[in-house]
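Okay, so subunit A shows up in both of these, paired with subunit B first and subunit C after.
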Partner chain A sequence: MTKLADNINPHIYEKGTEREITASDLDENVVDEIDEREIFDLIRNINDPEHPLTLEELRVVEESNISVDNKQNTVDVNFTPTIPHCSMATLIGLSIRVQLLRALPSRFKVTVKVAEGTHASEHAVNKQLADKERVAAALENNNLVQIINQCVAIK
Partner chain B sequence: MSAWLECSISEEIIKNKEIFSDTPSIISDIMAGHLDITNLVENMAGVLTNEEVENREQGMKFFTKILKELPPDYLNETQVKFISRFYIDRLKDNHRIIPSVLEGYLAIIDMKHYSTALNGEFFTVLFREVPCQSQVRQDRYNIYRILNLLNKNPEYLKTLGPDFLYGFISAMDGERDPRNLLFLFSFLPTFLKHITLGHLVEETFEVISCYFPIDFHPSPDDPAPVTRQDLANALCPCLCAVAEFGEQCLVLLIEKLDSSLRIAKLDSLALLKESCKTFSAQTYGPFLKTLWSSMNREISHKTDEELKMLAHESLSALVSKLATTANTDQAFENFVKGVLISMQTAIAESTTVAKFTQAAKVLLTTANASKESCVIITKSMIPAIVAYYEFKPSTKLQIASIDFLGDLYDMAKHWGALDEIQSQAIEIPKLCLIAVSNPSKEYQIAGFKNIIRTKDLLQSDLVLPFIEVLIHNVQHSQDENLLSISVTTVHTIARKYPEMVMDIVVKGKCDLDNLIDDKTALQKRLNLLTNLASIDEFTKVIISEMLKIIRTHDEDAPKVIEALNSSMSDISLYTENKLSEIESDHGLIDSILGWILKELHTGSEESLSHGYKLIATTMSSLPAEKQERILSKYADVLEKCQKDEAYFNILECLYRSLRQSIYNPNFERIMHLSIDVALKSDDKAIRTKACVVIAHLINKVGHGQKFELLYETLTNCLLNYESEEETLLQRLILLYGWLTKALIMRGSDKFLCWLQKIIAALSSPVYCKLAAEAIRLIMFVHPDALNRTFYPIETLLYKQRMYENFTSLTQNFVPASEDVKEAFYVSWAFVLENLSKNIVSREALKILPIVIESLDYDNKEMLLVMTDLLCYYIEYQPLVVAGSLQSAIPRLAKLTRYPKSMYVRVNSLQCFSEIAKSYSTVLLLPYKQDVLAELAPSLDDSKRFVRCYAVAARTRWFLVGAPGEPKEN
Partner chain C sequence: MSKLELLQTLNGHKGIVWNVSWHPLGNIFASCGEDKTIKLWSKEGQDWTIKTVLVDGHQRTIREVAWSPCGNFLASASFDATTAIWDKKSGQFECNATLEGHENEVKSVAWSPSGQLLATCGRDKSVWVWEVTGDDEYECEAVLNAHNQDVKKVVWHPTMDLLASASYDNSVKLYKEDKVDSDWSCVATLQSHESTVWSLAFDKTGERLATCSDDKTVKIWKEYKVDNQEGVIVTERESTWKCVCTLSGYHTRCIYDISWCHQTGLIATACGDDIIRIFREAEDSDPNAPTFELICTKLEAHPQDVNCVTWNPSGNKELISSSDNGEIKIWKFEE
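Moving on to the complex of A and B:
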């Protein structure tokens, strides 16, 4: 028997609009800094492992939960699992991490965490996501990589 | 002596298998009259009635073969009757005989003299003696084919009675072969329509319905598999072939619709849609409640688009079916109200636009199905949505509700139901007014868009408040979108209430009489007025007032001219006729020219150019004779030109948009003058205008003598300018470009010598850049010359001819230096950019090496074109590029860091994305690590736009050869 999803009927939220392209975006001489919105755009379209929906539609990631510091070269992402006992939380966190590793310049130090108080085993999940070796080990597991790749692949 | 003329044939058939190949000779003997078919049967008696089953089988096979090969009209009625009786009798024989009997009977039925009456007899014996489902596939197929032949004679089918039907359904009961089923389903609907079902309705339905929903997977080694969808599509019409199936069919359908299987739902919805063609509206009566609750569930499905679409389609079919009884039966109204109530609840509960539009779409589908449902829906939804809006949901929802009102209005208009919902519909403009009174841009745009849609509803008492808001926008809005929609809205209202708008706007707010007294936002007011002037009622008042300003040479005249120019060049506002009318009523050209002549040396460059453009646009709208009249009126411009080259501007705008039929003796003089100006003037703009005049003259002059004459004038004239001086040569090259363009466009072969001169210049280090410029002139559509508005002679495919000639002329091109080489590729870029994609694809093998080679040179414009082309090839003709990946990838990688243009960077990154998508993993893996490393710096590009593409390309390359890659190799 196939496993049913943890949250069978999640609440779906509105998709935000695409970032508006301003005149300065098209001006060759203006330098655009990497900002929160840009990080959000990188991860909003990651697919949920259980539903054909994006993390944005499930409001797992939100622009307000992201912070970027271009001077210190740090990026912090907090995400909110749909339900407090979601078994996919680690997987979602890992997908976000992988996507950011691939899509951000290497100067950034990326931290991905479960937003405070939104998950039953918040501490354990955060520990797993922060542990470089565990992440590296997970990425050597072909099955896991396959699922993550399917999540981050652009539809 | 042939064996078939004697009894020995029986022996032969038993012993000698080869006799089967002799049947053509037997047929020809029979046809020739050497042998009678009855004699043949007699001769074969030995084998046909042999005691051994095996021998009888041979005999039947042999005889069946002969029957099949006989021409269908050869046997007479008695013979056919005799033979069919014989075959019917044989049905009782051993099972081994049956296949040949069936095959033979099929041949008999096709015969011309076959009497349908024999069918009854055949089927009685067939159904009694032969258990259909115990036969092999091919024989079952033959039985069905015989049954199908009855379709040809529906009258006879009716006489066959219940026993036949019973036999038929027992025969097909339990059929499992997909091809046989497909065949059965293909004729069942017509078959069932023509036969009386009587007490067998239920049984018949059972036999068919056991297949629903089709659950079938073709075997993987089937070369031409029957798909599940084929079977499902064929089964659907069988299940609702006759009205008698109604109740059973609906019970089945509702049961399967509630199943958890997706295909069961899809098939049920398709069946519901199909069933509306045959079942009566009453049939659905008892099931409507259940049906709606099931459909509602599918229609509000979150992610499955296909299911949702199908649910919409079946809802639409059902509503239009029920609507046929709208006047006699309450059921229809109850059903529609049921839909209405569920969707109103859904709308009221919706928190996102997606949910809102989903419910709105269901209502629109229902309204779209019939006039009656449309009236019910719009009558209650318009007030409901107005109330909803005032309930203040989120901004997006309020805007969505305004759009929904527009949709409802369109629907009512489509069904001609506007009269019936008059009292509700007039609320729409009121709501629009509330929306546009909101200072936010989104509300205003939505409100104006909607009032343009529902303009017929606008009552006169609302005009004033709308105009207030609109005029405020027109004068003070900084937003382009809002500004243009405001102007359009005023235009729309003005068409409906010309007098009111005239009073309020033209004479009131914009105060035409004292137009220029108020300087603030003058330009915007002028734009509005020139826009309104395109409406007949306003033309006279506004245009004459504006021309008065121009004629009095007021300081604001340039602004008026600019406004006139921008409105009048919009073809959707001012048609050719309208412009021509304005010119003859108000003397537009005279006034403008009067102003230009006075300002020629003092006016600003920009306002003068608006004036020139306005004259050219107006000229081009005039018929030929009027154009000639104006030319002769201003013939003195030519004289003035010779003294002062500034007048050349006027000459150019008068002559640019002449129609092809016009020719006057001045042309030769103009040609002389233009060449002189084009090569000697110090003003670049004037030189270009001179070239344009020359190109227009050469392009448009009629074929034959006139052309020859003018062309000769041109060549003779150019002889005077042969010199080695550098500036002159530079000007000449550009002139050659214009000439080539004019000639190649009109399809004349004379362009070749000019093109050769340009190519010659291309090989010189000094002039190569200008030669590339000349090639650009030839290939690009110039906004002010030789484009469609100016009536040029334009042959088809001239760009393709240019490509071909350029290819052949540069075949042996040996560039002397790097500069020349760069100019060479730049010229190529101009040629290729404007080529139709057809040719680009066809000539891929020739073009691709040039594209890849050119990526090494540093010219922004060229690189843009070339990377674009490369991307196109990778996407649509990956095979051609496959061999060159090794040389293309490093060049592209370098271009992802090209500092001069972000678009080049974007294009090359896009190429990388396309490469990852188009090629097999095996081909890409060797490059993967290098590409990932090369793309990393782009992730930190200074432009966000570039980073976006870099991310797409790099994340895609990460997937190459990795588990979970979304590609089948």
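Moving on to the complex of A and C:
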């Protein structure tokens, strides 16, 4: 039996435009620091585990909920589950974290959290996502890694 | 001006190095991690080098290693749900016993001071006490289900069979055996941390305990015995443990490990902000409200999280640390 999605009829938003390439982007003499838009581009196309839609289309991730500090080497991503009881929140958070761990230089400390007030078990989900030992153990589980790889694969 | 002088950087592991453990003599240490191997290091001339690599003992990450007090046995705890016991009775190190019972990840293993007992803990929320019953024989003495979340670390009192555990449920628990019916039970719960307690360390007397947490604080706990002079109320003829000091405002991320040197009294911490910090108790410190001073901050000790710190048991002020990027570093503390 296939399990019905938690949110069977989610609101779908339009995709944003691609990043505009400016003259300074092409100038080899200008350092291009990693910015919010770059992080957003890394995670906007992650697939939702339950729908054939991206996290951007479901507005689970938004550029305005990302902050980057290149001095402190921190990246903070707040994501918004489509419904407060979404059972997939941990999996979505883990997919975002894995994608960023794989894509970003190791100097960055990545924090992925449920945006404040958007999930019933916000605290529990955040604590689990922040526990690197649990994340490390989860990433040794082949079934789970397969599911995450499907989420982060570009379709 | 005190400082941590880097003696050597060791790059033998691939991926996260979770833990390092000094041999009781302080001339060998073992390391383990994500690459599922255990490496034994000793000094050749001035340099620490790999002497032995133990492979095939575990199917998944090895989270912690621990030398027995006699120095003849090495225990390793793994995410594969088992704890392996290694010895070199045959001339070279071999796994001669495997302790099975935990449902999933084993996160910590520790030998009691006599070497007759072993404790393990894990994600299944339980703490197990094992007795060494003979050559390569271990029997489960007790399964303690006092925590309601995964248990991160177990540590024994330095001289008695008193066991302490730290958990994701934000608490620390102490256990001992009732000599009348030889039943193990939880005798104290230490509650004050506001997030996961990752590690803990007794001082040399065993009457104080230092704990470190995801709440970015270190706490010092003091034992008040049944006949204490301070008038602290104790119940059911068991000591009361009180938090007598909180070190906050120093660490900026989760604190993964803490080591309390039994010779020098120095406390070292391993933090997710890549920094190693050293604290020392002030000379005029009040036993009931002690003061600890931050005397050394090693910025960028590693390029990633510091997972483990441990003082050389010989008291020579050597400290080992390990990190997510496969690095192990040997430091010397100098005043």
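Here is the rule we use: the second predicted complex is superposed on the first by the 155 of 155 C-alpha atoms of A that agree within 3 Å, B and C clash if a C-alpha of one lies under 4 Å from a C-alpha of the other, contacts with A are read in each partner's own complex, and residues count from 1 in each chain.
Just so it is clear, contacts are C-beta pairs under 8 Å (C-beta built on N, C-alpha and C of every residue); 3 or more make two chains touch, one makes a residue touch a chain.
None of the values given here were measured: they were computed from a predicted structure.
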Subunit B versus subunit C as contact partner of A:L42, first or second or both or neither: first
Partner chain in contact with A:K132 - subunit B first, subunit C second, else both or neither: second
Touched partner set for A:A124, first subunit B, second subunit C, both or neither: neither
First (subunit B), second (subunit C), both or neither touched by A:V152: first
Touching partner for A:K109 - first (subunit B), second (subunit C), both, neither: second
Contact breadth on subunit A, by residue count: subunit C or subunit B: B
Contacts of A:E140 with subunit B and subunit C, given as first, second, both or neither: second
Overlapping contact positions on subunit A, where the subunit C interface meets the subunit B interface: 106-107
Complex interface listing, subunit A residues touching subunit B: 12-15, 21, 25-26, 28, 31-32, 34, 38, 41-42, 51-53, 99, 102-107, 142-143, 145-150, 152-154
Interfacial residue positions of subunit B with respect to subunit A in the complex: 302-303, 351-354, 396, 901-902, 936, 939-940, 942-945, 947-948, 951-952, 954-956, 958-959, 962-966
Of subunit A, residues touching subunit C in the complex: 106-107, 109, 127, 130-134, 136-137, 140
Footprint of subunit A on subunit C - complex, ascending: 16, 34, 60-61, 63, 79, 105, 107, 123, 150, 152, 168, 195-196, 214, 253-254, 272-273, 303-305, 324-325
